[in-house]
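The structure that follows is given in the form of structure tokens.
Letters A, B, C and D name the chains as they come in the text, with residue numbers starting at 1 for each one.
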Amino acid sequence: MKNKICELLEKNRQNTKNGSLPTYIPELIKTDPEILGIYISKLNGEEFGCGNYKHKFTMQSISKVITLMLALEDNGEKFVFSKVGMEPTGDSFNSMMKLEIVTPSKPFNPMINAGAIAVTSMIKGISSKEKWDRILDFLRKITCNPNLDINKSVYISEKSTGDKNRALAYFLKDVGIIVGDAEDQLNVYFMQCSIEVDCCDIARIASFIANNGIIPSSGEKLVSKKNAIIAKTFMLTCGMYDGSGEFAINAGIPAKSGVGGGIMAVVPNNLGIGVIGPALDIKGNSIAGVKLLSDISKEFDLSIF
Amino acid sequence: MKNKICELLEKNRQNTKNGSLPTYIPELIKTDPEILGIYISKLNGEEFGCGNYKHKFTMQSISKVITLMLALEDNGEKFVFSKVGMEPTGDSFNSMMKLEIVTPSKPFNPMINAGAIAVTSMIKGISSKEKWDRILDFLRKITCNPNLDINKSVYISEKSTGDKNRALAYFLKDVGIIVGDAEDQLNVYFMQCSIEVDCCDIARIASFIANNGIIPSSGEKLVSKKNAIIAKTFMLTCGMYDGSGEFAINAGIPAKSGVGGGIMAVVPNNLGIGVIGPALDIKGNSIAGVKLLSDISKEFDLSIF
Amino acid sequence: MKNKICELLEKNRQNTKNGSLPTYIPELIKTDPEILGIYISKLNGEEFGCGNYKHKFTMQSISKVITLMLALEDNGEKFVFSKVGMEPTGDSFNSMMKLEIVTPSKPFNPMINAGAIAVTSMIKGISSKEKWDRILDFLRKITCNPNLDINKSVYISEKSTGDKNRALAYFLKDVGIIVGDAEDQLNVYFMQCSIEVDCCDIARIASFIANNGIIPSSGEKLVSKKNAIIAKTFMLTCGMYDGSGEFAINAGIPAKSGVGGGIMAVVPNNLGIGVIGPALDIKGNSIAGVKLLSDISKEFDLSIF
Amino acid sequence: MKNKICELLEKNRQNTKNGSLPTYIPELIKTDPEILGIYISKLNGEEFGCGNYKHKFTMQSISKVITLMLALEDNGEKFVFSKVGMEPTGDSFNSMMKLEIVTPSKPFNPMINAGAIAVTSMIKGISSKEKWDRILDFLRKITCNPNLDINKSVYISEKSTGDKNRALAYFLKDVGIIVGDAEDQLNVYFMQCSIEVDCCDIARIASFIANNGIIPSSGEKLVSKKNAIIAKTFMLTCGMYDGSGEFAINAGIPAKSGVGGGIMAVVPNNLGIGVIGPALDIKGNSIAGVKLLSDISKEFDLSIF
């Protein structure tokens, strides 16, 4: 399996040339667009990487899956879905339009920015500091990586250019979806987006989800099976922005991308995948990463359909 | 399995009282809202039904899955998706808004009415008569039911009240998505919606899809594996109107509903399910059928996630 | 006044080069884009023309003002505005989006296509033939031109390419705004758009409106003062498509344009203006006509503000 | 004239019972909903009031007209309209939807909140303090009322509940329409909305605009004729939220309302009117004020059409 995957990675490296780096978070542009790496973590413990799998990048929207699971554990399904919907939307990742048409004004799902900001605000903690500590602890446990932390310069860059997210947060506050200080809630969101990882970290989170909330190496259960299934479902229906439908057809596996170029993909009961490829397509997904995952899914017949 | 499913059906029959019959197709209101039936067709040949599984109903939107597979076989993936998109949308089933915002004006996916009308127009045939004959033959083969035919009074009712679909068709013609006589293309669409079936017919179509395009009983291959996977993917991401996301979370199996009260559900590589329950929820799905399928999925751990 | 206006016309003729002919009604492209003409009809009986004022063109959307006045006379304000709204909209002239968002589905105003189709359907007559005859009689009286008639080749061109209007009509029928045969109602609409006029005809309609519904030459009253005021108000707030606001600021006089290149402008209690300039700006208004009218308004201080 | 107007006012007082006080700015609910007052200021110096014309209220959206004139004087037409559009919109006063659909993201006009926040940000001043001082000076001059000032408790109420406006401001900052500190810019906007006036102050601003930017009593020119005309035009096309079209038809005079219950109406070259009636209709306009102005317009034939 490893040889074939490494071969597919090298074949797909040329696709990085057709993408481009995101410009709206200035710090993200300081990277090599030709990078492509992958790491596989199987539930049986087997692990391996190909290409630039040691490259460090920030989680960005991949973190939305983590905070969703934590918020579900903290508050239960019923409460979370009273504030955020369950339906995919054809709009792009930072659309505000949908917020207004639906009555009551509820973000469509936890994978769009508005929904994710609402979800983060539900994580328990008497202060934003405590919320943040709980997110980081949760992630360090899942990845078995006690050194996981934020990339400060990316965090500062996000925070200083995050006015569209600020607009979403104040809109959500106005309609009563989030409570308390909007800037404080946003701060936790900017921090979660700025967590620095490599493909191995992402692959381990993916295998934890593939294993329905139990850390494969230790057997420790952190998330209920139902909540892990919810995470996988949202990854499939809306994890790849407005390219989710196409990815579901071509690769057929739950996946979540981030504008940092990472993709976390989950093959239920089988394995987790972490991919990095900073050059993005027009929808905001790693252009080579999307193709690599489709190729791997076809080669090893991984589609859940 | 049969006993448990029949038990779950009777438990869910009370839910029919919370739904209502659709009013916009007058003919559909002439039915008993307390009906609930299910039929299971396993790939190993085992079959059984519970409740009012012999009740006759019209396919309505369930037919969109059939015509999608036929259009894909006729034209190939590339052509079909040059006219219709792959992305789910949070809008309801007969929305026209989405058609306008996206440029070029392309229906979001083949499960919304605009997309389905476009798909039907792509089916090969030198006349609408020939297109229709090919659809009916295709369905008779899949269901092993040579008597399958349309319900004329429903067909006449649809045709005479189908002005919203007419509006969609003329919009699609205006932007060049459909060509030729719009009323002719619509006629085939109204006919496919009016095909009369029972739960057994639907379960057999479902098992054919679960078997990736091969009729389980005869081994005859009518649809490529890829095209069967495309059908299943759209069923999961947008088969239940704007309740698709919620159904994916709760039941986790590809399914397509129709306003006639039918639901076709596919458990890949395992079995097909046909459900009838004419009382609908506000999203247009069989209110008791949705709950019954969720219960069955939980009981037998059928989620694909 | 005549000399100055003719001078302003020649100065503005160069602007025709920055516009283009509409392509969606094929027949309209067969004209000389450098044409520019104007005709003034004062309430005191004085009249004169400059440039290509004898050029023949079709009324297109200018006819919406005529049918609005006739429908108001036929049905009264209350009935008409139960079917069509009074509010301007920032959308372009053939938008369908607005129809859907507002509940109940009522076209925003009588100047967008959906509203105009609804208005025409309200004109009294037991057949579409009778409705049409009444519109034509009404116009022949106002213009004192018994030879006014449709341009058949434009009419055929409109009818055969009018699928977007067909979509609007069927949508309106579906929501109950228009009743009866949609194609029949549309036919009258296509005919009114195809009425062939010259600048003199348009100027006389404008002076009739400027005179609050009384034909200046004969003193015959055809429309109530209130209905004439309603016509002027809609011309100002939404007569120039999504360029209405800008035109109101720059020229400050009620005006209605058509894609045939005509503009009808009304200076209340003073005079009527007919302009022809087939080269259009991106909003669908005569590019040189808009500037000419702004120049004339400034020169003679005609703004109503 | 006075007697007739006072009579019309008393006749319309009963209409206050059909309206309601706004709830989203808590401080505004502390008023008597049966209040109705009017003040007329003619260009010839004649002035009079009827009903509760001495009642104090906050300007709210009426202030948008003032800041528009000041921003136009400060920056010129071209710059202002590079940031804000000129077109009316059928949406309600605090819609965010329109901001997104139009490309580039430019508020439709200066009378919706997004447009007004952008306009205020353009007023010259090296600090928000200086901007604010310039607005207040400008208004004190126009009203000949050196004591004009903000109502502090309303200001605090607006600021603490202004999250929807905050969302708009951050959206505008994100797309580059406003620059600098969004909270600072908003602060000036909240202050201008909280300026406390009575009907006499409003009538004098209106007569200043009716006089094309020249203070009638002193002859001092503060605003160019063109900029005064721009103000009047926007008042007519979009001064009464999504009731602007209806008001233009029924009253036919440029007017701007505020949720404080005030309306400022301008009869060009004739007189200015200030109205207070805190009970609002569903569109946010003084319910009795709207009817009173329509009655007065009809009685004295004030329509500009």
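As a convention for this text, a residue touches a chain if its C-beta (ideal position, glycine included) is under 8 Å from a C-beta of that chain, and two chains touch if they have at least 3 such contacts.
Keep in mind that what you see is a predicted model, and the values were worked out from it rather than measured.
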Graph separation of subunit A and subunit C (steps between touching chains) = 2
With chain centres set to the mean of the C-alpha atoms, which chain is at the far end from subunit D?
-> B
Counting shared numbers against all numbers at the contact of subunit C and subunit D, is it over half, same, or under half, different?
-> same
Cα superposition of subunit A onto its copy subunit B, rotation angle rounded to the nearest 5 degrees, comes out at 180
Roughly how far is subunit C from subunit D, going centre to centre by Cα mean, in whole Å?
-> 32
State, to the nearest whole Å, the distance from the C-alpha centre of subunit A to the C-alpha centre of subunit D.
-> 46
Which positions in subunit B touch two or more other chains at once?
-> 101
All pairs of touching chains, please: list them by chain label.
-> A-B, A-D, B-C, C-D
Write out the stretch or stretches of subunit C touching subunit D in their complex.
-> 85-91, 98, 102, 108-109, 229-230, 232-234, 236-238, 242-246, 248-249, 252, 254, 268, 303-305
Hey, which residues of subunit D end up touching subunit A in the complex?
-> 95-97, 99-101, 163-164, 166-171, 173-174, 182
